[in-house]
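First the structure, in the form of structure tokens, and then the observations on it.
So that you can tell them apart, the chains are marked A, B and C in the order they are listed, and the count of residues begins at 1 in each.
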């Protein structure tokens, strides 16, 4: 029985220790969590922000837009990263757009198809069109790459085409953009949809993928910029309360002109407020 | 003689033996072929980037450029925490189970059984547990500390079983002599048993380190993704295995550094394993001499 | 052996009690962790277990957690297909490797081959997954799209558990007393006769233990499978169909999950744990009934 008591004491000590430790966490620390589309940009933003404000540390954690919302609400994160417009249930949060990004349809570079209509896209994703021949390509079975449940890119895509995820007959389910790009680049008959920024970045580095023209509009950064590309979405930083102090400084910094080169380097479209 | 009496039956045996030999050899060729292919791929993909600078530079541009110094630092810190937490507990358990209580006592059986189950628990379950317990319940958040403690839970069974094996291998006559000399159990342990079992314990320790350094799933939700140089144990730190995963899945153009990081990780594990084998060898020699 | 220069009884016998108590605390902690894990999984999945009937995890139409459909069955079959397929491939190859090292190869080749296997045993699963993603999946895709499939995950899992199997079988076979084999040879048994009739039965316990160890690893593997399996939630109808395993499901969706969805993922973790515990119990029972 004696050891039972000691166990209790040890557990309590452990808890106390961790509590005191957590209060030591530096007050000059910004924690950002959320969308994996925004994370690479946020890391670069953080780095430049740190060099301008010595003694500040900006930590970026990926995990998806829902996590950004979740963590911000719970106060685990100072700033959440959310791609896409906030839903009606998420209006309790303050959103600040830092960039625009599109969701583009990608295929392998060797695929002769360069354009698809919305009807064809819906047909392919619901399994009515299963061969590239039906949309003007080679005679080959279409490999459909879909996003995992809960990803904001999936939600943008479904909302735009008015589909339900249960209707999509996918062959591969992926998490992040890069996984989709990898699979499409390794499979001449695959089709998927990813962040235009990520796709353009890779295509420019020689990865054999190309973005399809959707309903007559090319999926380019320029078309996202001038608003003609239909499937675009803002990349947001969100906070629970109106930002103050360091959080406000960071958000203002992220939306200022001095970060446009970072945004463009990730193939996103900068949004400017000043 | 056999040549004279080769009958039909014998022929069929020979044929069977030959067939099986061919099968086994082709299996070996197959296995080594595939494995050499993997090694060749990794070395070809990774050696171009691998340099001293790669090891000492911090990752830049989401890991596409720069090196892995901060990743290595986080990996070492997570390992350190895991070992600091796991070693006392597991070694105490091993000593208790072998030297102080009967293996068949209810407590002994219960401890042993739960460790047996723990050894089979998939690492992602440890990840879930660590996330729920250390990160959220204890409020450690995504930090090196919670990652290390999660790993510690995972390492317990392997550390206990290797330490136990080391102690059990010490000849019974040693214990009897110690008792005859009137030594206390604790004194016997420190003066007689541990020196003999030490190489086995060291080997187990290194095995544990190897296991921990390769772990990904348990750390995904506990120590997090931040690829910065950690400044305190409460900072999130990305470990090497997770870095490879992230580079290959989430970073456009991340293949080359992923290959190089994989190569670093394998070399690291190789060194650890070689040292572990050396200790095992020492231990076996010691055991033989003892007998 | 006793290298202490001063008194060998530096600890009095009465200290034993204290020492033993301290050890008990350690052991208790070690044993409690298992209970803790169970407790926390239950605690986190409780919200869903309370208002969703257990059967729904097996009878719902599909896995669409955002549309309130929580069928875990396709992922259970995915896990079972992938790990049993890998075992089917890896067991013969692993045992063949062990036999090769002991009975067929010259000592030099045997050592060389063992070093190779040991090297591979040290390769982390995420590296296998990475290799599978960059090499294997495109290859399978050329043969039969979409590439990321049950087959890819079986092959990657095979590579992962093969070293474990080969090394444990090797250890078990090496431990077979030499006189058994000599007696077999003296009786005029052929090489395979000796292996099949004497060596393998004598080493069976160790080999079975190795197989169970490998099965546990195959079922529990997350990252490597996540990278190559395709992750579509469905009952695989062919080797080329993509699958999702229970572990991959947790890793894939946990970061994004909220509310019920998150709790259901903990339920699937619980399910996985129970699967593994069942395996351990079977292993223990098997060990008792067949090998004492």
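For the reader, a short list of remarks on this structure follows.
We take it that contacts are C-beta pairs under 8 Å (C-beta built on N, C-alpha and C of every residue); 3 or more make two chains touch, one makes a residue touch a chain.
The model shown is predicted, which means the values in this text are computed figures rather than measured ones.
With centres computed as the average of Cα coordinates, no chain lies farther from chain B than A. More contacting C-beta pairs link the chains of B-C than the other of the two pairs B-C and A-C.
For the pair chain A and chain B, the distance between mean C-alpha positions equals 35 Å. Here the CA centre of chain B is 14 Å from the CA centre of chain C. If each chain is reduced to the centroid of its CA atoms, chain A and chain C end up 34 Å from each other. Within chain C, contacts with two or more other chains are made by residues 24-25, 28-29, 133-134, 227, 255. Each of residues 248-249 in chain B touches at least two other chains. Residue positions 62-63, 175, 179, 182 of chain A each touch two or more of the other chains. Chain A contributes residues 14-15, 18-19, 21-22, 24-26, 36, 39-40, 43-44, 47, 57, 59-63, 76, 175-179, 181-182, 198, 201-202, 205, 207 to its touches with chain B in the complex. Chain C makes touch with chain B in their complex at residues 1-4, 8-13, 15-16, 19-20, 22-31, 33-37, 40-41, 43-44, 92-93, 96-97, 99-100, 104, 113, 116, 118-131, 133-135, 159, 162, 190-193, 216, 219-223, 227, 247, 250-251, 254-255, 265-266, 269, 272-273, 276-277, 279-280, 284. Against chain A, the residues of chain B that register as touching in their complex are 60-62, 138-142, 145, 224-228, 231-236, 248-254. Note for the complex: chain C touches chain A at residues 21, 24-25, 28-29, 32, 62-67, 69, 133-134, 137-138, 141, 145-148, 227, 230-233, 242, 244, 252-253, 255-258, 261. Those residues of chain B that touch chain C in the shared complex are 13-14, 16-17, 20-21, 23-25, 27-28, 30-32, 34-36, 38-39, 41-42, 88-93, 95-97, 100, 107, 110-111, 113-129, 131-133, 137, 153, 156, 160, 174, 181-187, 190-192, 195-196, 210, 213-217, 220-221, 241-242, 244-245, 248-249, 255, 258, 262, 265-266, 269-270, 272-273, 277.
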